[in-house]
Amino acid sequence: MTSEPTWPQPIDGTVTPRFAAPPSFMRMPVRQDATGLDIALLGIPFDAATTNRPGTRHGPRELRGASTLMRRVHPVSLVEPAALCRIADVGDAPVNPVDVMETLARVEAFVAGLCAAGAWTLAAGGDHLMSLPVLRGMARGMPGFGPLGLVHFDAHSDTSDLYFGTSRYTHGTPFRRAIEEGLLDPKRIVQIGIRGSLYGVDDMAWARDAGIRIMTIEECEELGPDAVAAEARRVAGGAPCYLTFDIDCLDPAFAPGTGTPEAGGFTPREAMRMLRGLRGLNLVGADVVEVSPPYDSAGITAIAGATMLFEILCLLAESRARLAEAKGPGA
Amino acid sequence: MTSEPTWPQPIDGTVTPRFAAPPSFMRMPVRQDATGLDIALLGIPFDAATTNRPGTRHGPRELRGASTLMRRVHPVSLVEPAALCRIADVGDAPVNPVDVMETLARVEAFVAGLCAAGAWTLAAGGDHLMSLPVLRGMARGMPGFGPLGLVHFDAHSDTSDLYFGTSRYTHGTPFRRAIEEGLLDPKRIVQIGIRGSLYGVDDMAWARDAGIRIMTIEECEELGPDAVAAEARRVAGGAPCYLTFDIDCLDPAFAPGTGTPEAGGFTPREAMRMLRGLRGLNLVGADVVEVSPPYDSAGITAIAGATMLFEILCLLAESRARLAEAKGPGA
Amino acid sequence: MTSEPTWPQPIDGTVTPRFAAPPSFMRMPVRQDATGLDIALLGIPFDAATTNRPGTRHGPRELRGASTLMRRVHPVSLVEPAALCRIADVGDAPVNPVDVMETLARVEAFVAGLCAAGAWTLAAGGDHLMSLPVLRGMARGMPGFGPLGLVHFDAHSDTSDLYFGTSRYTHGTPFRRAIEEGLLDPKRIVQIGIRGSLYGVDDMAWARDAGIRIMTIEECEELGPDAVAAEARRVAGGAPCYLTFDIDCLDPAFAPGTGTPEAGGFTPREAMRMLRGLRGLNLVGADVVEVSPPYDSAGITAIAGATMLFEILCLLAESRARLAEAKGPGA
Amino acid sequence: MTSEPTWPQPIDGTVTPRFAAPPSFMRMPVRQDATGLDIALLGIPFDAATTNRPGTRHGPRELRGASTLMRRVHPVSLVEPAALCRIADVGDAPVNPVDVMETLARVEAFVAGLCAAGAWTLAAGGDHLMSLPVLRGMARGMPGFGPLGLVHFDAHSDTSDLYFGTSRYTHGTPFRRAIEEGLLDPKRIVQIGIRGSLYGVDDMAWARDAGIRIMTIEECEELGPDAVAAEARRVAGGAPCYLTFDIDCLDPAFAPGTGTPEAGGFTPREAMRMLRGLRGLNLVGADVVEVSPPYDSAGITAIAGATMLFEILCLLAESRARLAEAKGPGA
Amino acid sequence: MTSEPTWPQPIDGTVTPRFAAPPSFMRMPVRQDATGLDIALLGIPFDAATTNRPGTRHGPRELRGASTLMRRVHPVSLVEPAALCRIADVGDAPVNPVDVMETLARVEAFVAGLCAAGAWTLAAGGDHLMSLPVLRGMARGMPGFGPLGLVHFDAHSDTSDLYFGTSRYTHGTPFRRAIEEGLLDPKRIVQIGIRGSLYGVDDMAWARDAGIRIMTIEECEELGPDAVAAEARRVAGGAPCYLTFDIDCLDPAFAPGTGTPEAGGFTPREAMRMLRGLRGLNLVGADVVEVSPPYDSAGITAIAGATMLFEILCLLAESRARLAEAKGPGA
Amino acid sequence: MTSEPTWPQPIDGTVTPRFAAPPSFMRMPVRQDATGLDIALLGIPFDAATTNRPGTRHGPRELRGASTLMRRVHPVSLVEPAALCRIADVGDAPVNPVDVMETLARVEAFVAGLCAAGAWTLAAGGDHLMSLPVLRGMARGMPGFGPLGLVHFDAHSDTSDLYFGTSRYTHGTPFRRAIEEGLLDPKRIVQIGIRGSLYGVDDMAWARDAGIRIMTIEECEELGPDAVAAEARRVAGGAPCYLTFDIDCLDPAFAPGTGTPEAGGFTPREAMRMLRGLRGLNLVGADVVEVSPPYDSAGITAIAGATMLFEILCLLAESRARLAEAKGPGA
């Protein structure tokens, strides 16, 4: 963990305009090799586990572009991620766009490699199934951290069992699988912003029975962003946890470019406030998923997604820096 | 009124993906004949009474498509419309796109037929003038219900008298005509979300003099959604009433696809909360109007419109089921 | 084969405007049961075999909508499909959007059922892999017709072997598989409009060695549409054949809504002229594929696709009518 | 007729950039009063006679904007309209957007007034019915010129009799009405680019029987633009004639923003070449119609429409100047 | 200052539909000469000082179009600007799109001329640098008013010093320059809605040191719109002041069409409420800037921008009328 | 010049899907250092010299994205650029988006550096003024090559002298400046596709007098693509020359995303055929300019632009390889 000036810094928008230069996440340097990295930004360009509208395979490219609008320092916390951590864009995880199972294996191996090299990961999806191989890869590459807690922003619980009669691996099932596999501790999972019509009255039964804390949009509205964040920190506890941000937690006007839009969601302002309320969380990895550029309009969704990536990067960098500090010099 | 399994149910999205199959409203079965129906979903593809931007003739088709995103059960009330009522998509009312007066007659006759067959109607517009022939058709097909109360979500009062010097039938005049014709009881009309610059300081005078309760957006913001809903229920009272939802009550960011956008409107979350607050209303018919797909972007308006249709369908199904229950077996 | 007035006819646009009524292919009646049908129009809403840009799962719905712009009679041949054949929209083939292999099986079974009931199929994709289960279903449901000839409009040969190291079933491989399975006779295959940069100099070697007649866009331009059509008829010969129209054979300006656009393609006028030049072909089935609405603009691609569907329906109806006539009364 | 420098000239794009200044047709001066004008450019913002997709009410505004891209001199003929004639933008004809019959009367009176003041008119639609009140207004304001010949670019003949059972005045009927009223001489009408599927095999029978020369797109392609123009001049003859350009004569890729797109149309290059081939025609009025901005994409249609307006303005200015010259000084 | 009926009034939307007639700001009369005007509406079609995304050169034209949706009377204050003041659209300021320094001079001279003729200006940008030549022009044309206070709605402080190493005049520097030049009194400047990631932790230091009152979006949310407006009035004080509204103070969903979008901004409803809370301010000029149509979607930004223009026009007309009244008859 | 396997090759689309990985031109490796390169692909993200519609500053980023659709081998010539030459994406030239003169200096220096390192350049604009600093940089970095011939595809001659009274450096003047500076030999310049209305009858006089061979679109259509290419080779002669491709030479339907669209242009098929007809030209540098993504629709322009970049890269790689071969081993 370091801020010495020799580590490559993001491109400066007052020197090179934000529309210039090949885009990378947050204008960070592009590296193939994760050695020495504190945080690896990666894309997972995959959408073949989508049950509704596809297109998130283009998410990483669009988010790289939109993230060039981000500057170096957080306006409220004044956190400067690249001053706290060694960060790079390590490119995209390998995928096979026509094969779900093989992609699960490839992404898991890629993330495991990053983690084994010492990097924590912040992934840009891709559909929500991709959280599963990331969690698997983290468990393999950083054994001893899990089972993890989970702070989960989403319109949907994503804890279904089967789709279309036979399919266990879709973007509607990742967290059920992750719990079954022991990657997540259901008691330390909080789902924020849940809404939308139901297939049946029992849609949430498994999740509730498993111990997941479901905060519907109605409850969130009632409590307000600060209290929601506090509750999320309470549920996740002090042990390591993961943060996953499905862009469809926002209202479709703020995130039309997504696979399963649900009217009545959060505003970006609310989402940013909740994320900022999570400072102090023991975060060890995160993702922003379900940004689907073909359904976007005027880049609204990409800008929102890139903003959330930046907010989360600030959280993750702080978390990583705390750990390094705790370990002391030489860690 | 029945929930026996023999009545055709909507297509199940966990079996047939939501993008598949020819679209119908809420994926309900398509029927030509309303006999035996409790609720008839219909489109009114007409926009020739529009004084500003046209395009609502495409509303029904687009709303059918977007409504395939809706699932069976309401997430808060847990109402399942197709379990309470026999519901079908009866297609579109006949129209003549170049003749306002003839269309008024055709739509009235079509709705009268549906009502005479026993069905209550939930219509998807079309421009707002179409509420008038629906109300006329209801009065003809279900004599004895009216004059009705009205819960009216809109940016505009739609109680003007004349446009362009000579035109009495435009999308800015339906409720004045309906009051004049005795279809509505002005004392039981509440208009919610009224805003936008005025032609003159007296724009609302006739409506106010007639006894309509106008709730401007400013008042609605002051009161909050729950109190607005309570006030609406108070005004509409216990007698049968109609609900009309003009999509332009939403802010243009949430409903760009409409004929007369006015900045500063409701969010969908507010609208949904107000609609949910209307449970218990003695609703006997409803519409969602002024969705104009050519001005939409990324389907934002269509998704909002389809969501409001679903919310209202839940209200209407409950209302119909209450009535059946009240009448007892054999009703 | 019949034109008696009792068979349901398409909706008449001078009575019911083209934007009205729930859309079906060519405004034909919707039937679940293919019994008695001469031609079944079906959608295959699937894109999970796409190696590049997805979205063709929305193709059938969008093509239904755009096809309502078509009227009853062909302007040059004066063929009126619904006067020659009993035609209906039989809905969409069942698919599993997250499982390629299972979808292959479901679509094959669905098409086999239609063919066994006596209907010839005209399918709207979906991605190009879907031609494979259609051909399999035809072979199962109408044994004795094959191996078929093939008239194939496309920018790409779609005869690759593997993608991403392991995947044999993608939208770039259907015709290699179909030849390997004996469904198509490679000597009677003609590919029209082939263009676009190559992965390697040998991209077309397998196809050429197999005996496929490849007509590059350059050759087509040299010969002109009439001569291309003549050559296609010569190659396909007099035995039964299939026609597949990949919308990406058109230039991206005329078909932006597709998965793998290649600059420098046909105009719709050229494509229509080539299709019209195929009259007399012994056509027993066809498809229009790779229309991807999320990448479309202003419905340009959907209109082009619906027009090609109509042109091909005229060819197929004539072919079916010829057969009926040849068999004589009672056939 | 004059080019003296005192007459206001169009705004110069090398002084005031083309995106600047309130837009008017061809950046000509805006005048309320037609006195002294040789040519009046006017908009007719009306689409309520549209049987299919609306939106042409926005045509004049969009065409004003796009026409600011035009410069002063024709690149091939070197005609400079504002040097030959006194030209101004006289604003929009009065319309009633919800009343077809009243609009017919208002537009007729407006055009009659312009003509009576001495101006020839070049109108920007608006739907194609608007040609009818223009022709009526010309006959009233400039008695003695008609019946006129007609050069008619269009995908459709627009000579139907009735729509929707009862409607005689739609954008599909103007030229039948104009012939019936003696405004046009059917023997001097040529229709160029006719195509698209038919309601029935007899769609064109009335037009052909009346003596109209119909040139289908297929014939036009066979002959080439120069021969089409020659044939048009032959049919129209030497007497005064009108030119009407329906933007849907272009292929939908070049004109997506229109009400009734038909695949397989002209390119703008072909259209421009045909128009240029009409030099020498005794043109006394013209229009460009059916530009529907809500269906446009990236302004493609508006640019094409504005270009056609400019081409036709050059023809009309030449025609008017010839007349003035023939009359000699003082005319 | 007058409301006598002889002064030209805006076009009436109940006579001439809002989509008709060449557009001008608020449908006011177009005048070249400012003599006798109380308020001049002008466009400044310039974007060459933009450091990020361009396109605001098209702002004035698009805002003229969208402003035709505005009617005559404010719905809450019932202010009718054209009844209080003589108002006209004086066209666009002259610009050189490829030369920043020359444009600064041209715009300053143009505004100085308007002010010298007695008109107060309400400008539609254009990028935010354009506030600088407006302030310079006001100081030259109306000496004695300044230094002015400033109510500044924006996501950004726009008080940077240099961009790209050498550039002092960009849309990120206007207010630093204006303070340095003595045009503004920094102690009477309030900036409302500031947010977005920072180039460095000291981005706001100069502004704060200069005495500017910065209200971040977080503070604004905390206080609510009414308190923000009160604070703005307090800071600006009773002396003459200017109001500048950068559309990017709104969230990107409400204003995607802008150069530097920042997630988490105001809603239009909040903005309108804050503006309405400014009644009584001694306003002597204003602008709405950074509307960039090429990045807009469905006209959302243009409608929001036109609405803000109308709100501000009501404030400015009231302010001007107060002054006239104070001066008494003959002023 | 070499094809040894050790030189990094483009990313293979059959391994890594084309939508994956951070985009670079043609998926070539990204290098900061041009040493050892034969061809440097660079972006010039600048549009401040645009007199009409801006946005080309986003051209390089969008063209990088669209170029990932290109594969390795040319389908007709079978040229494989990366097998003939060492090629890399060297990023974007430094620019100052608010300062034309400084950008001219920065780009010139950047290109001079690339050339001095031995690389030939293929640039993606940016507006057309950017050809000027590229030519200057080539002259400085590769002295002895010029004055160069020029093959110039464009709707406009770009040989104006002044814009807006005072500006000598705009996207309408680069080739006049380049001739004046001795960078180009006017007798060896050919301009292909010139069209569009004129500011005055003498617009082309200077160019013609200077000896430039102007081929209007009309002449090009008359001759056909092959003859145009032959004439271009004749004019350019055997000495070193430059190729500049302004995307606005295409018709707006094929390239809506550009600053100054002119109806009636080339199709991509024609353009590709002309480019292919230039094989053998002694090409030493090239650019593709005026792609303006904010005005694009569905990526049509970007795909066309990327395709032209690929076609030109094949020409340039062949030309470079010929030179290397001519010099013999060790060159």
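As written, the chain order gives the labels A, B, C, D, E and F, with residue 1 at the start of each chain.
Quick note on the criterion: a contact is a pair of C-beta atoms (placed from the backbone, for glycine too) under 8 Å apart; a residue touches a chain by one contact, two chains touch by 3 or more.
Fair warning: this is a prediction, and the values are worked out from it, not measured in the lab.
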For chain B and chain C, chains touching each: A, D
Interchain centroid distance [CA atoms averaged], chain E/chain F, Å: 41
Inter-centroid spacing, chain F versus chain B (mean Cα positions, whole Å): 56
Chain D residues counted as touching two or more neighbouring chains: 17, 19, 51, 53, 57-58, 97, 163-165, 253, 295, 297-298
Pairwise touch network: line, ring, star, complete, or other: other
Pairs of chains in contact (touch as defined earlier), listed by label: A-B, A-C, A-E, A-F, B-C, B-D, B-E, C-D, C-F, D-E, D-F, E-F
Touching residues (chain side chain D, partner chain C) in the complex: 51-53, 162-165, 195-201, 203, 216-218, 221, 251-253, 256-257, 260-265, 295-298
Sites on chain A touched by chain E in the complex: 12-15, 17-19, 69-76, 78, 80, 253-254, 267-269, 272, 297-300, 303-304, 307, 310
In the complex with chain A, residue positions of chain C that touch it: 47-51, 53-55, 57-58, 96-100, 102, 163-167, 169-170, 294-295
Complex contacts: residues of chain E adjacent to chain D: 16-17, 19-24, 30, 43, 45, 57-58, 60-61, 64-65, 89, 91-92, 94-95, 97
